[in-house]
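Naming follows writing order (A, B, C, D and E), and every chain is counted from residue 1.
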Amino acid sequence: MILIWLIILQLGAGILSWLLSKRDNRLAAGIALTAVIACLLLTIQLFARFRPSFAGGGQWLMEYRADWIPAFGISFHLALDGLSLAMLLLTFFLGALAVLCSWKEIRQRAGFFYFNLLWTLAGITGVFLAIDLFLFYFFWEVMLIPMFFLIYIWGDTRRRYAAIKFFLFTQAGGLLMLLSILAMVIIHAGQAGRYSFDYADLLNTTLSPGTAKLIMGGYLLAFAIKLPVVPFHNWLPDAHGEAPTAGSLILAGLLLKTGAYGIIRFVITMFPEAAASVSWWAMLAGVIGIIYGAFLAYGQTDLKRLIAYTSVSHMGFVMLGAFSFSEMAMQGVVMQLLTHGISTGALFAIAGMLKERLHTRELGRMGGMWTTMPRMGGIAMLFTMASLGLPMLGNFIAEFFILMGAFQASVPLTVIASTGLVFAALYSLRMVQKVFLGPPSVENITFDLDARELVVLGALSVSIVLLGLFPQPVFDMITNVIRNLNHTYE
Amino acid sequence: MNELELQALLPFMVLAASSLVVILLIAFRLSHTVIQISGFMMMCLTVICMWLVRDTLPREIPPLLVIDGFAAFTTGLIVFVVLAVGLFSYIYFEEREENPKEYYILLFLATLGAAVLTVSKHFISLFIGLEILSISLYGLIGYLRNRNNAVEAGLKYLMLAALTSAFLLFGMALVYLETGSMDFAVIGRHVQSSGFSVLMILGIGILLVAVGFKLAFVPFHLWAADVYQGAPPPVTAFIATASKIGVFSVLLRFGQSLGLQNEQLLQGIFSFIAIASMIVGNLLALRQQNIKRLLAYSSIAHFGYLLVAFLPGNDNGETAALFYLLSYSVTLLCAFGIITIMSGTKQDAESVSFYQGLFWKQPILAVVLSVAMLSLAGIPLTAGFPAKFMVLASGVEDSRWIPVLVLVATSVIGLYYYLRVIGILFEKPEEETAATKVLHPFFYYATYTSLTVLMLAICWLGLFPGNVIDGIRQLLQLE
Amino acid sequence: MPEHQAYSIPLWPMLLYAGIVLILLSAILTLSYLLGQRHSERATAKPYEGGIEQTGSARLRFSAQFYLVAMLFVIFDVEAVFLMLWALGFWELGWPGYIGASIFVLQLVVVLIYEWGTGALNIGINPNKLMKVVRDHHKKSQQ
Amino acid sequence: MMSIQVSAVLIVAAILFVLGFIGVLTRKNILFMLISVEIMLNAAGLAFVAASAKWQQADGQVMFLFILAMAAAEVSVGLALVLQIYHQYKTLDIEKLNALKDE
Amino acid sequence: MTVMQHIWIVLGVLFVLLNIAAGLIWVERRLLALWQDRLGPNRAGPLGIFIVLADTLKLFFKEDWIPPFADKWVFITAPAIVAGSVLLSFVIIPFAPGIVVADLNVGLLFFLAMSSLGVYSIVLGGWASNNKYALLGAMRGASQMIAYEVFMGLSLMGVVMITGSFNMGDIVDAQKNVWFCFTQPLGFIIFFIAGVAETHRLPFDIPEAESELIAGFHAEYSGMKFGMFFIGEYLGITLISAMTVTLFFGGWHGPAFLPPLAWFALKTILFLGLFILLRASLPRPRYDQLIEYGWKVLLPVVLANLMITGAIALWLKST
């Protein structure tokens, strides 16, 4: 029951803040913040409650189920396992920060803004929890629409183009996934004699290898677009670049993760053989993503687009790790999801704060910020380091584990992927150099972080350091998940 | 004709009587309001009658009609649509130059025609229903006769509908010549025993051309956009929903009785038409700046989607089609309701740019329109999603991969223009326009409320389609 | 039909009759053409309009009333076709047919009432309207 | 009555139908288009009568009556629209009616 | 019956009809004169009967004028249509047992069809004349005739209902005991009124209306073409009289002291007289009065007649 409350709380708070927004923007933000923090606390409480049972017992820590459309065997089926729990923690953490980020940035129509923000978060929550495939698809789409509005209304100059492009790309993938789901359900119905969209039921469907490959293709494409894997990454820089800070934060920190989550939860688990048969290609795609993303990031002159391309690069690691079919790589992937969420989120937050001050995203018009904003410079430095994979920080562990795991699967690809780290260092340092070092530009007379911003960036910094130093709780959380995956590997 | 058959016919009689009642009311010079209200009551009475006679169904009324669950659903849907359209009509026509009263006669007659189509199982009833429907529609489309667009649209529709009737009749004649009967069931038996002869295929082909015209399938779609644009918005709403429901349901019944889907050639033609409609409809809609034209092209695409549900020719397909019709109708009513309520006395609110920034001026209307657009796009939380889902499911179940894939691809294209409309709603308004005075507060707010209710219905259908699907399946006696 | 033909009169006399009529008519026309006198004077080639010079074309625009009458004819004559069929099958159809026909006639009556009520059957000039026009004109000329 | 082959009647009907259709497609004057449509309708009616003769049923003839009625109704509305069109456009050329089109 | 007999019937019918048409001119003028208390034609021959001949000859020798502004062929065919269609209508009338040109079983419909063709001659004639008065007359005539066409058809349906047939022979047979003018009085009255209107005879001669439209639709006609309109009118009167007799007055039925044909002729002549009496005694209504009278009075009455007839007939049958 608590699972459904997580969703309802956000949906309700969204409506509430919209309705009350006429009075006061702050009130709307306050409601949103309260709701997300409440969810965060609930999730932390869940974490505490289930911590002892991470390693043992059945697949799910918690389940909620209600009939929805019985005629098609569709139920409102939510379940929580370690992976979802980890993702939920990330969701609410970043969600709360997103609200804080928008505190000042969003002045117009704030109520509707928070409504959309909260509904996106609710959709994401649903995606991480749903194990009825219809429901999964449902939430998958639900998180898009408010996101679309976030970009379309509060984005930058090219927001319309970006928003529509974002929506079309993801929707195209989503519909293919829907087809795959349907095909699978119908094959299952042929075998079991009844319709069911339930994850557990569909897991037991026997598919001929050819069919399995096709069906998996549908899923994989949807997730690959979302992730994004290189040929489908086109929407990402636009969307991330044009979105408001909170939007970018959620896009990079959370929406991309749903793709990765989907790959782990559905593609690899449901179609192990088919996934294995394409694993080399998938890893290749990952590696291309790493290199190509980094390469493009280096060439950007727009700060937000630069960060966006780093996401492409980092998500390449996820692809690489997920398809290398090793326990270690999988741990690395989950770790990467969390740390990338935090580090890129932080970078976007910083970019947003810079934009608030300078009204530009152009790297060329920045420079010498360190002198005027040492605190921000320091934190930015920290996250740049995190992003390029400095040891002691979370990202290092993630990428290290992934590369280690992938090494067992394919040596050449791993080697090439490792060069991506070098590129990462290049673009990260270029960014820091352009923004914070160098001669201060004339118009950059501005002020350093205020308390709210400090809280945001501080929380992010602490968490990235903590993850780097104490990754074990995360690994604990997903023991069970990985054990299950191991079954399928065999 | 025995008593039970008479009972089963009761709703249709009430429906027929309603236009007579309106005629008499006009003859005795009663006001528009009285006519509106009594028309509303008659429609409600029809619904009540349907409720009362539900136990006597299904019942055949030889030789022309059959009133079964399927017909009950589609007729109910049509009457529901007309309730809404009638309500929208009040403010629209009260504020126009034309005397609004005769409009209701034609509206109810058209309703009767559509309803007759849903219950017909014989060429004669099919033909009569179709003609009652189309001839009333000519009048409805050209109702604002002093506007060039309206008469032009009316005439274009008339030309095409007359052509359609000719095709329909010739096709029927050929089928009749071949089988010696005009009863669907008998023709079906003939087909079962002796297959499709050349003449038969030719006849059915010509007949389907006619149906294709009426439903505006590609390549018979040329009239759709013009008529949608030229007709008054409530009428357009009617054409887009009720009239198409009627024709589509007769197509479904005809297809089922004959097993059209089992014939390879016809199967191929249907697939082709479906694919072409989806592609062309969506592509043409992309560039439209006029929201009525946009909806016209989108309706072409939507009926392409519906054909995908028709293709398998099985129960799931039928359920999907009915659900799709339901959700589509509710959605389009919303959209056209907005157009109606937004239209000024001189000009209809047709241009997309007219809606710029609506969200910041009239948030509720904008939300209604957005929900409608999302529903058309088939996004979850709205009725369009389960509808499209079911259509896809029925296509996938029957392994109709090409149409299904085209459906997916084209709905992504479609998404673009729906999003564009939604986007415009959320743009910054151009300038602050002074709020126009509401001329007829009661009906204005009634329309406003009904739009909100319709929007909630869309969401409800999107969230909890289970009950409705079960209901449809029960009506179709699948359980 | 076949049994009826046994005692009925065959069709050909009718064709013969029609042929003779045709010949007769053309004969009369030709004969009068041949026999008739010819003359051409000042006003011969002018239309006869009561001795007054014709002004304007004879292709007048007519009141829509004529169109309305034509429509009424089309509607009611087509309805008459159905009533004729009913009349033909009157004894076979019996009471059910009678009920059907009375519903049909009832609809016709309703339509008639409508036409009446909306003034479609007032063919001539409405005297009240005419008087109003005259009065208006009068008033205007006085000012 | 001479017994005429059903197929012969059908061929006549088909020819009429096609002629009418060609008329609709090629004519530009609305009135002629309407007339062409009437020809098509009557061709269909003829086919019905032929079919009804073939099967010795009255159904086809009944259908013909309905066609008549419908054609009459259609023409009355059609002529009304034509009058209105002429009133507004001063032409009956269908190609001059082009206010409604894609932008 | 032999072929020759058929041919004789055909020729006989035609001969009689043409003579009646011509003779009626004289009869009418004499009767009008009688009723209007004047002499009428009385010079040529006994009682002036040769006036018929004189008129005919005169018409033949009058100028056969086709106005240069007229539509030539339409102008010529228009009068032929009226004469031809009325003449053709007579084929279905059973003058006596066995004396009928064509015993069609859709006889009544044939009559209705042929009589409605008459409207073409008026419209075409008036239109082709290219004369304002002619066109006005034609339009009036057209609306009058098509309006009354409806009632004419419907007024006969009571007869058809009782008989169950469109065949004129059957209808006459059905009146062996009771003439339909007793069972169908309303039908008879309406049919007769509609008949007068259909033939646009006085008092319903609105298309011609000499006092307002000069001569209406045939203002430009002269010579034998005018004569044909004339013949058409008188044949029309005869047709309506004959039809009234056939449909409502028992046709050739009658007490045995006279042969059937004589009964038929007698009754028809009575109605011809009635036509002339109408002309002599009634003023012409206005155009709008005539049309309104049709829609507002005749149509409801004729529908009521149908329903009442049906109800009574079925009730009688069931008891």
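Note that in this section contacts are C-beta pairs under 8 Å (C-beta built on N, C-alpha and C of every residue); 3 or more make two chains touch, one makes a residue touch a chain.
Listed by chain with UniProt protein names: A = NADH dehydrogenase; B = NADH-quinone oxidoreductase subunit N; C = NADH-quinone oxidoreductase subunit A; D = NADH-quinone oxidoreductase subunit K; E = NADH-quinone oxidoreductase subunit H.
Model, not experiment: these values are computed from the prediction.
A.B. asks: Which other chains touch subunit B while also touching subunit C?
C.D. replies: Chains in contact with subunit B as well as subunit C: D.
A.B. asks: Taking CA centroids for every chain, report which one is farthest away from subunit C.
C.D. replies: It is A whose centre lies farthest from that of subunit C.
A.B. asks: Give the label of the chain whose average Cα location is farthest from that of subunit E.
C.D. replies: Comparing chain centres, A lies farthest from subunit E.
A.B. asks: Count the C-beta contact pairs for C-E and for B-D, then tell me which is higher.
C.D. replies: When B-D is set beside C-E, the one with more contacts is C-E.
A.B. asks: Please report how many Å separate the Cα centroid of subunit B from that of subunit D, as a whole number.
C.D. replies: Whole-Å distance between the two chain centres: 26.
A.B. asks: Could you put a whole-Å number on the gap between the CA centroids of subunit A and subunit D?
C.D. replies: Spacing between the chain centres: roughly 64 Å.
A.B. asks: Just the number, please: Cα centre separation of subunit A and subunit E in whole Å.
C.D. replies: 95
A.B. asks: Please work out the Cα centroid separation of subunit D and subunit E, and write it as a whole number of Å.
C.D. replies: Each chain reduced to its C-alpha mean, subunit D and subunit E end up 34 Å apart.
A.B. asks: Specify, in ascending order, the residues of subunit C that touch 2 or more different other chains.
C.D. replies: 1, 11, 77, 116
A.B. asks: All pairs of touching chains?
C.D. replies: Per the contact definition above, the touching pairs are A-B, B-C, B-D, C-D, C-E.
A.B. asks: Please give the residue numbers of subunit D that touch subunit C in the complex, ascending.
C.D. replies: These residues of subunit D touch subunit C: 1, 65, 68-69, 72-73, 75-76, 79-80, 83.
A.B. asks: Please give the residue numbers of subunit B that touch subunit A in the complex, ascending.
C.D. replies: 360, 374, 379-381, 385-386, 389-390, 392-393, 396-397, 404-405, 408-409, 411-412, 415-416, 419-420, 423, 426, 464-466, 469-470, 473
A.B. asks: For the complex, give me every residue of subunit B touching subunit D.
C.D. replies: Against subunit D, the touching part of subunit B is residues 123-124, 127-128, 131, 135, 138-139, 142, 145-146, 148-149, 151-156, 158-159, 161-163, 165-167, 169-170, 172-174, 176-177, 180-182, 225-226, 229-230, 284, 287-290, 293.
A.B. asks: What residues on subunit D touch subunit B, complex-wise?
C.D. replies: Its residues touching subunit B are 6, 10, 13, 17, 20-21, 24, 30, 33-34, 37, 40-41, 43-45, 47-48, 50-52, 54-55, 57, 59-60, 62-63, 66-67, 70, 73-74, 77-78, 81-82, 84-85, 88-89, 94, 97, 99-103.
A.B. asks: Over in the complex, which subunit C residues touch subunit B? Could you list them?
C.D. replies: Contact set of subunit C toward subunit B: 96, 106-107, 110-111, 113-114, 116-118.
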